[in-house]
Amino acid sequence: MSGIVVACLLFSLGLYGVLTRREIVAVLASIEVMLGGATLLLVVLSSTYGTGAGTAAGANTAASGQAVALLLLAVVAAEAAVGLAVLVSLVRHGKTGVDDIQRVRG
Amino acid sequence: MTWTIIAPTLLAAAGAVCALAFDAFGMRRSASGAAVAGAVAAGAVPLALLPSSVSVAWVIPVLEAAVALITAVTLVGGWRRSTTSSSGPMSAALGGLVLSASLLVMITHDMVLLLVGLEAMGLAAYGLTALGGTAEAREATMKYVIQGAVATGLLIIGVSVLFVASGGSGGYAQVVTATGASPFPRSAIALAWALLACVLAFKCGAFPFHWWAPDVYEHSSPPAAALLASVPKIAVVVATAQLFVQRGLSSTMLTFATPVALIAALAAGSIVFGNLAALRQRSMRRMLAYSGIAQVGYALVGVVSRAPVAAMLCITLYGLAAAGAFLSVEAVGDGDPSWDGRIDTLAGLGSRRPRLAAAIAALMLSMTGIPLLAGFVGKLAVFSAAVDTGWTWLAVLGVVGSVVSFGYYGRVLGAAYLTGDGIAGSKVRSGAAEAATLLTAIAVVIAGMAPLFVGGLAALSLFAR
Amino acid sequence: MTILLVLVAVPLAGAVVAWVGERMHEGSARWVALATTTVQGALTVMAMSTATVAGPAGSGGNGLVALDGLSGPLVSLTALLGIVCVLASWSTRRGPGAYFGLLLWLQAAVTAVFLAANILALYVAWEAVLIPMWFLIGVWGHEGRRHAAMKFFVYTFAGSALMLVGILVALRNGASASLGASAFAVASTAQPAVFWLLLAGLAVKIPVWPLHTWLPDAHVEAPTAGSIMLAGILLKMGGYGFIRVALPLAPEAATAAGPLLATLGVIGIVYGAVMALAQTDLKRLIAYSSVSHMGFVVLALAVGTPAALTAAVLVMVAHGVTSALLFLLAGALYDRTRTLEVARLGGLQRTIPAWGTAFLFGCLASLGLPGLAGFPGELLTFLEGFEAYGWWMVAVAVGVVLAGVYNLRAVRRVAHGPEVPAWKGLADLDWRERLAVGLLALPIVALGVWPSLVTSAASPVVAALVARMGR
């Protein structure tokens, strides 16, 4: 149970950061925190509830959950890489803050 | 057996990788060609492996082929850009990756693979947007990345809950049948389904998760926008239809906010908002972006009406026309580099470039839903399914929306044909975009007329379910 | 039978040939169009003589097309007006290839509407009429053409989109998709929804007051051939659809809606007449007179007895030829004088006597002079309406009187009176215009003297229809 709390806490912290931080780097970092929290939630859920009723016979939910989590790490890393790459191209033109990228509407 | 299912995805990815390799050696044409070849191969394989008699099993392979065809056409339409600019081959490769990921999303029946496919699609889309070259493109990409990341987080949460609830397998069928016996409280399951619906709505640009779409489509290069506005939407709607319309997913299973009601609300909101917002747009690409929101709404009506094939048909036929419409933007720009992208300044296109204007007319009328064109077939399937399952109000809303949509699609026609002759354009830089637009327009006309000749309109009953 | 499919295919093929031919050889489009419409006319005569009168069963090609006594007169009208339109547009300078191509496409689509034996095919053809008409009004029309084209499209599309929902609801509730002999009414609970949704589309087309506001603009701004097709045949699609689709599918709802529709019809008759009185532009006057005449159709449809429905068909065909003649003459005048302001015209009987005589003839037909086409249908409508609604028909009589007033006043102002010096040297009608006038004058007289030409075809079908509805 505490694992779920921690995961949700991380996610909320990350989300809060995304919504409120003024520097794009900080937003990207908050995204990482958020996604990390989500992945942690997966791991915790699969290991806690994986052996209850409804489990497919012979399946090891905890293991599959953790395997998926590893996969997600790669996905999250890729997302971060792309985000940072776009940030680099923005910084080249001097824009580092969230307020600087408001030329685009909506 | 599995290889043949996964082959299209791999072929498209292989084409993209070859494109990257060619690009490393500076061979731009070969790079673009490799990407196109990958897309064509990805489309040919499902068609070659179709079972002999027409049945429901035909649907997904045909749609895969359609999606691959659309990608190939947009890559061809962007030929000038991809062979003359330094980032061109990269765009072609990313296009191939978008196709590959979208095909994965369409064929998968497993939530984890769905997640991977959606993420890969998103990443390639971020790259494509950023390659639009302008400062606005970079800013739009950054916003897209941030919003997409939030969506990813929510998706992971939703998938985790459902993954564990289904006993660690994550397959669509298991998720639906096992959630009844899961250890989680029903409210958690309901929330997970709702999250899933919202994230899928984000990925295909439905209201109210559409914020990224107008900027991305306006500021990426037109061929990239053509790809992004069609293929991901098709893939996500197909996945949504396959996930949410299964036996067993009834309202008795979930405590509150059943997915059906939620998706109905999303559909209705998209139709209303998309049409009203598009009416106010002066820029052609922004208009197409907002109208795309409404079109996704029409397709989601099919999901609500428990007619997945109708929904898939509707969005695919729209995607075809939308790709053509964005390519036409590129074609007009090729002939007149000083065009500012506004609808009003299309004046006189009918006399300056009659073939292109006729193609645009066919595409606009198809998206409005006029019979004899492809868009009508899709909308007929969806709306008849809606009426058949008791969602008549959604059908009426959709029909009214189609009428309203002539307000902005017709504006394009009016500018091209009804306003005075414009100044004769300078020599067209490249005919590739125009050729691609004509191709999509012809496809749209053929797809629209085909039901009249092949099997009569009664064949639509096959698609209504 | 394949001849019916040929009737739809011939104008389409002609459209393509005309468009292509113009690009290869200038001036060929109109000849191709003339040839096509003449062939179409001959084929129509052939088809009419072989069609069964009792019903469309068995006379369709793969169940898609059928011809019977109800659609026959309208198909013939379409073929006739096709020839007239080509003759009227003979001197089109601007993009004649596209113009005649679109005109022939329009003819094919309207023919397909009347020949359709499947409800979805009817809808597809119905919508297929929109595109060429939009282009004709929008590209070749007069000053206000853009607004008129958009208004026309949006109004008609809105109505027909709702009609589609009505069709879908009907199909959901057990109606069969094929029209004609096997059409059954849907369940009573579903009938109001089906009827009103269908009526949305039909009412815009006929047009029923107050959904008529698109009509004056569209008629005035359209080129001559466009106005002829619009007033002559497009409006009839609405009445035809009512008898063919709405009435069989939802008879109880139609009966219940009778009084309301009759009221709207009578209002239309009077309103159209009053507005026509107030017009200073000749074409707009004729447009409002169309609203008034179609009010008779609405009234007849509302009454709903077999005789009344036959009267509706009669009025439709009569109005088709009459309004075609009037718009033809208005167009011919506009080509010469570049104005249709009644105040600026005058004494034309002396300047261009052939035109003047034809105009007088057309106006007499429009006001319903006995012996000419308008009279039998209007009289029958009046009698049926009186049987159903009694002394309310006084309003209709007022409308008829007003029709006499505005028509004769138009003749007096335009054709008689002092000659205006500006029009001294005008050329009179040439051979093709006279031919077109003759082609229309003949049916006008024939129908007036011999209405059974139409009624003998239509009334068995109508009677069978009403009998099947159990009324």
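A, B and C label the chains in the order they appear, each numbered from 1.
The criterion applied here is as follows: contacts are C-beta pairs under 8 Å (C-beta built on N, C-alpha and C of every residue); 3 or more make two chains touch, one makes a residue touch a chain.
Since we're looking at a predicted model, the values are computed, not measured.
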So which chain is farthest from chain A, going by the mean of the CA atoms in each chain?
-> C
Which chain has its Cα centroid closest to the overall Cα centroid?
-> B
If you average the Cα atoms of chain B and of chain C to get two centres, how far apart are those centres in Å?
-> 42
Could you state the distance in Å from the CA-based centre of chain A to that of chain B?
-> 26
Chain A and chain C: spacing of chain centres that average the CA atoms, whole Å = 66
Send over the residues of chain A in touch with two or more other chains.
-> none
Listing for chain C: what residues touch at least two other chains?
-> none
Residue positions on chain A within touch of chain B in the complex are 11, 14-15, 18, 24, 27-28, 31, 34-35, 37-39, 41-42, 45-46, 49-50, 52-56, 59-61, 64-65, 68, 71-72, 75-76, 78-79, 82-83, 85-87, 89-90, 93, 95, 101-106
In the complex, the residues of chain B that touch chain C are 350, 365, 368-372, 376, 380, 383-384, 387-388, 392, 395-396, 399-400, 402-403, 406-407, 410, 413-414, 417-419, 452, 456-458
Would you mind writing out the residues of chain B in touch with chain A in their complex?
-> 112, 115-116, 119, 122-123, 126-127, 130, 135-136, 138-143, 145-146, 148-150, 152-154, 156-157, 159-161, 163-170, 174, 178, 181-184, 211, 214-215, 219
If you look only at chain C, which of its residues touch chain B in the complex?
-> 62-64, 118, 120-121, 123-124, 127-128, 130-131, 134-135, 138-139, 145-146, 149-150, 153-154, 157-158, 161-162, 164-165, 168-169, 171-172, 177, 193
